[in-house]
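In the two complexes that follow, chain A is the common piece, with chain B as its partner first and chain C second.
Now for the complex of A and B:
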């Protein structure tokens, strides 16, 4: 054996020894992989007892919200009845804390809500709508305190005790910063217009189309009316919904957010009509309470991407008259929906979903342009190595 | 029972006559009952947590150095030595206020460095037991935070109070911020404008920080950066992308004002504020922190100045001088170094080109 080769072998064995000393016992933990200082507390998952506290807090929030809304409803009742008797169109507006806004700001909010009502094409309706506007200046108490109102639009829908009134809660959140309504001369802004218009949300559907049919009502209730949170008639560019759902395919987090959705929703994004149908028609397992909130949980995405505007887009597509027939239908949900759509539910949903999220491709999918390039590079590397080795050989 | 009967009848009649009123009463009762249940569940969960904590604390040694109290599991961790090194500095910084640590024991879990087991759960501060005295003392200084005694200080600072004096590197970092921060206030502060320093450090009431910290161009850049995010909302993103970036300062201002409190990035960050606190303590002596805690609520600048027993202007001037004195020295590139680097390139290149051929057989 040549002397040079022996040196190479000795060096390799020496390197292996160094690595072994670093990685093998007596220290089973690799020297390089040891943990750093942990001077700060580590995150502890909540105990079952703490989870129960959180669940009770959630139930308390729903109940106290319903209670507060019914109290507001009582306060609004004379005005609601007067409007109903005189057949005055428009919602009844109530300010949760009237002292928090100037007269001109309150008047502006009333006018803007009246305008939003007209823009939705609503006139007098069997179901009156009361809107509770709450300007929130302070952050809700931190910690585990259960008593705070929702930080997004929420609705108390008509139920067996009060079939003729739908109440919307619209928080205008300032949290200590200056806002349009706190200015000396408040002027309408686009943002406020949209906020108030969205505030009519689910109540807008009740005002326009009345109470839903029995089966449809149960289906919507079990899903917390998630398809009917946005009112119709508001032209929202698909990019906005896409970005709002964190499903902008140009962004690096696109795939991680795709896979936060349930498998059915992901399949629907991939253009599988069956999955779209299944997901759209599935019954939810929500509490059967007349309270609906648009407040989203970070960890819980909706059943379909952009679900909030499913009905809004459906109304825009099939016109309010046909939607009204679906809404009031006593047929099973799938039949009523398919009749309104005039096509299978899965197919309509697939097309609608494609307007929000461009169809994704599931499974391994190397781009066509990248494949030949990678192959060429691989071949070039192999050829280069072969040629170099051949040239270096001395026979 | 007989006393309750009329009341019950009345309630039933009321419920029949006015279903809504009855429903409100029922809802209130349900809410009250849920609240009671929640309170009980919370008490129980708190009890469970404290039992867990007690279990963690059980069987531990207590080490006292000055007012510092450590509950620590048995291990070769040189905690006493490290605490003896750290305590004088902690006491010098906090002064008499440091006695508060006697009521706030540190729970420490010395962790075996030679194990693949995961770190045991719990609230204790985990430290490898083979940590040496000097880094351990530094860690103890870092965790010796009395910020929670004054929530306003903690909010203003945006982090923990670190009782340190060796802040040369900290001042150097602040110097870089002063020079490079895209903020009019920071740049004017660098040039000697004390009012701008006050703004940049949020020492007075900041009702509209967007105008006090940033100029129109900076606001435009900031709005574009802050609202280029899916969390910003579609309408605001659109506004930022069009009206604001095309020069409408009022839209930029509206966007920045719409950010939640605390979201607008301050021109000078935590490090700068910590160095100011340190300057105040150095100027005012050992009783500064105690006096600071005793000052009534108000703007942070006047509180710090009162605690340091100097005027706000002179405190700021002193801080600014410290920062300017810590100007980082530029890294020089010696001519010889360049030649040496070039020489190495030539050596490696030559080796690569002149290597011997392989002998196959």
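Now for the complex of A and C:
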């Protein structure tokens, strides 16, 4: 064998070896993608072991929350029954740590929740609502442990053990910062009003419309009630939702946040009614547990941009009476929803989505001004190559 | 007239003790039981007690057990609150359906005359409730003189 050929074989085998070391398990990530080769810190895909641990921790958190809320519910039971018997409107308020707030602060919270209740047009409801207010002054030591209560509104919905009570957990997080409720004479603020009103969230829907129909309830449960997290009646400017979901098209991160959503949601943002319908009506893969949390995971955006206020905007659009017929309907979800909207679900969702995110354009989108210049450059390159080839031609 | 008033008092005396802590929907159910008692009293039925009560969403069902004495005809009636449009009731023992009332509105009645003291299973199904959940109760009525002991559940 020629010496030169041997070198070629050795080089090829060596290259294969380097590629195998870089790509094959136990280090499945390309060598250049690994941390020490990266200029900027990015998210690494979690390993199967990590995913299992995260899932276990999530289940632990749900169970722990449910247990704690049932304890609070037991403590609230006499007051819930008294209010129901006397037909007193408004939620029953319970302070997780009553000693942490002054009498006037507690009274202010009660009053503001009562006001929020009446602003939603609620009176005595079949499903009573208990609100657990937890003012968190200090950051929990040792970071986030599975036993901690959620850092956002969460709900324990009525189930077969108690069909007539919905419990809301409203954390007011200060973490060392001064807040309205820590003042000697607290006065209502806009932030606190919104926070407490949103605290009624999903329980507000149960109080106003009862428990949803069977098929609709299963659909919502599988999606963790993500469409019913914000109560209706609160006029939220679209800019605020855009900023909340980081979908402000003037910001440089706009596109990177758009593509964090599932393909169906991105298509819906682009104004495709079919995709809007598919995404809105899809069944989620959530556990069928009576716990709903508004806590968002950074890596997991909602199914549609602004999904939290889908039902809130629907109630505002079709009025509570018609929404109530949908909510209590025993028809399949798509039929009940289309009947309530009085138009195809995809069409209503497309229009609604356009109020949250201005329609985006998918696919290649070269600006018109750049197209002639690019064409000219291309033509120039071709001409140059042709001329060069002509000169080198052997006649 | 006096007999009817007496029946209402008997009905109320077995239903009203918990009235103080009751919700509007419980009171609606109690009113329906009183109404059913007044109707059945004309056919010589007396309220013998409640077989069960609770709340159900549309499509859900609940079961209760009741032991009925031999000889007398018993009527079991289901009642529910004002939002309830259709309630179903069935009575079975040892897996055999004895009587059932389905699709007949919100006041179903089933009847049985046991030859010997028998334990029955009552299944209540909320077929239609406009605003979930709906409050319901199942009351037992018996022909003849009122028993001093209500049926055991």
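The rule we apply is simple: the second predicted complex is superposed on the first by the 313 of 395 C-alpha atoms of A that agree within 3 Å, B and C clash if a C-alpha of one lies under 4 Å from a C-alpha of the other, contacts with A are read in each partner's own complex, and residues count from 1 in each chain.
Just so we're on the same page, a contact is a pair of C-beta atoms (placed from the backbone, for glycine too) under 8 Å apart; a residue touches a chain by one contact, two chains touch by 3 or more.
Nothing here was measured: the structure is a model prediction, and the numbers come from that model.
*Asks:* Is A:288 in contact with chain B, with chain C, with both, or with neither (first, second, both, neither)?
*Replies:* After superposing on A, A:288 lies clear of both chain B and chain C.
*Asks:* In the superposed model, does chain B or chain C contact more residues of chain A?
*Replies:* Greater contact footprint in residues on chain A: B.
*Asks:* After the superposition on A, what does A:209 contact: first (chain B), second (chain C), both or neither?
*Replies:* second
*Asks:* Tell me which partner A:370 touches in the superposition: chain B (first), chain C (second), both or neither.
*Replies:* Neither partner.
*Asks:* Quick one: is A:163 in contact with chain B, with chain C, with both, or with neither? Answer first, second, both or neither.
*Replies:* So A:163 only meets chain C here.
*Asks:* Given the touch rule stated above, what does A:13 touch, chain B (first), chain C (second), both, or neither?
*Replies:* neither
*Asks:* State the interface residues of chain A toward chain B in the complex, per the touch definition above.
*Replies:* Residues in contact with chain B: 2, 4, 26-29, 34-35, 37-42, 44, 47, 49-50, 52-53, 56-57, 59-60, 63-64, 66-67, 70-71, 73-74, 144, 146-147, 161-162, 175-179, 189-191, 194, 236-237, 239-241, 243-244, 246, 248, 251, 389, 392-395.
*Asks:* What does chain B use to touch chain A in their complex?
*Replies:* Residues of chain B touching chain A: 19-21, 23-24, 27-28, 30-31, 34-35, 37-38, 41-42, 44-45, 48-49, 52, 111, 113-116, 119, 121-128, 131, 135, 139, 142-143, 207-208, 230, 233-238, 254, 257-261, 356-361.
*Asks:* Which residues, counting only chain A, touch chain C once they are in their complex?
*Replies:* Those in contact with chain C are residues 81-82, 84-85, 87, 124, 126-127, 158, 160, 163-164, 209-214, 324, 328, 330.
*Asks:* Could you please specify the touching residues of chain C with respect to chain A in the complex?
*Replies:* 20-25, 55-60, 83, 128-133
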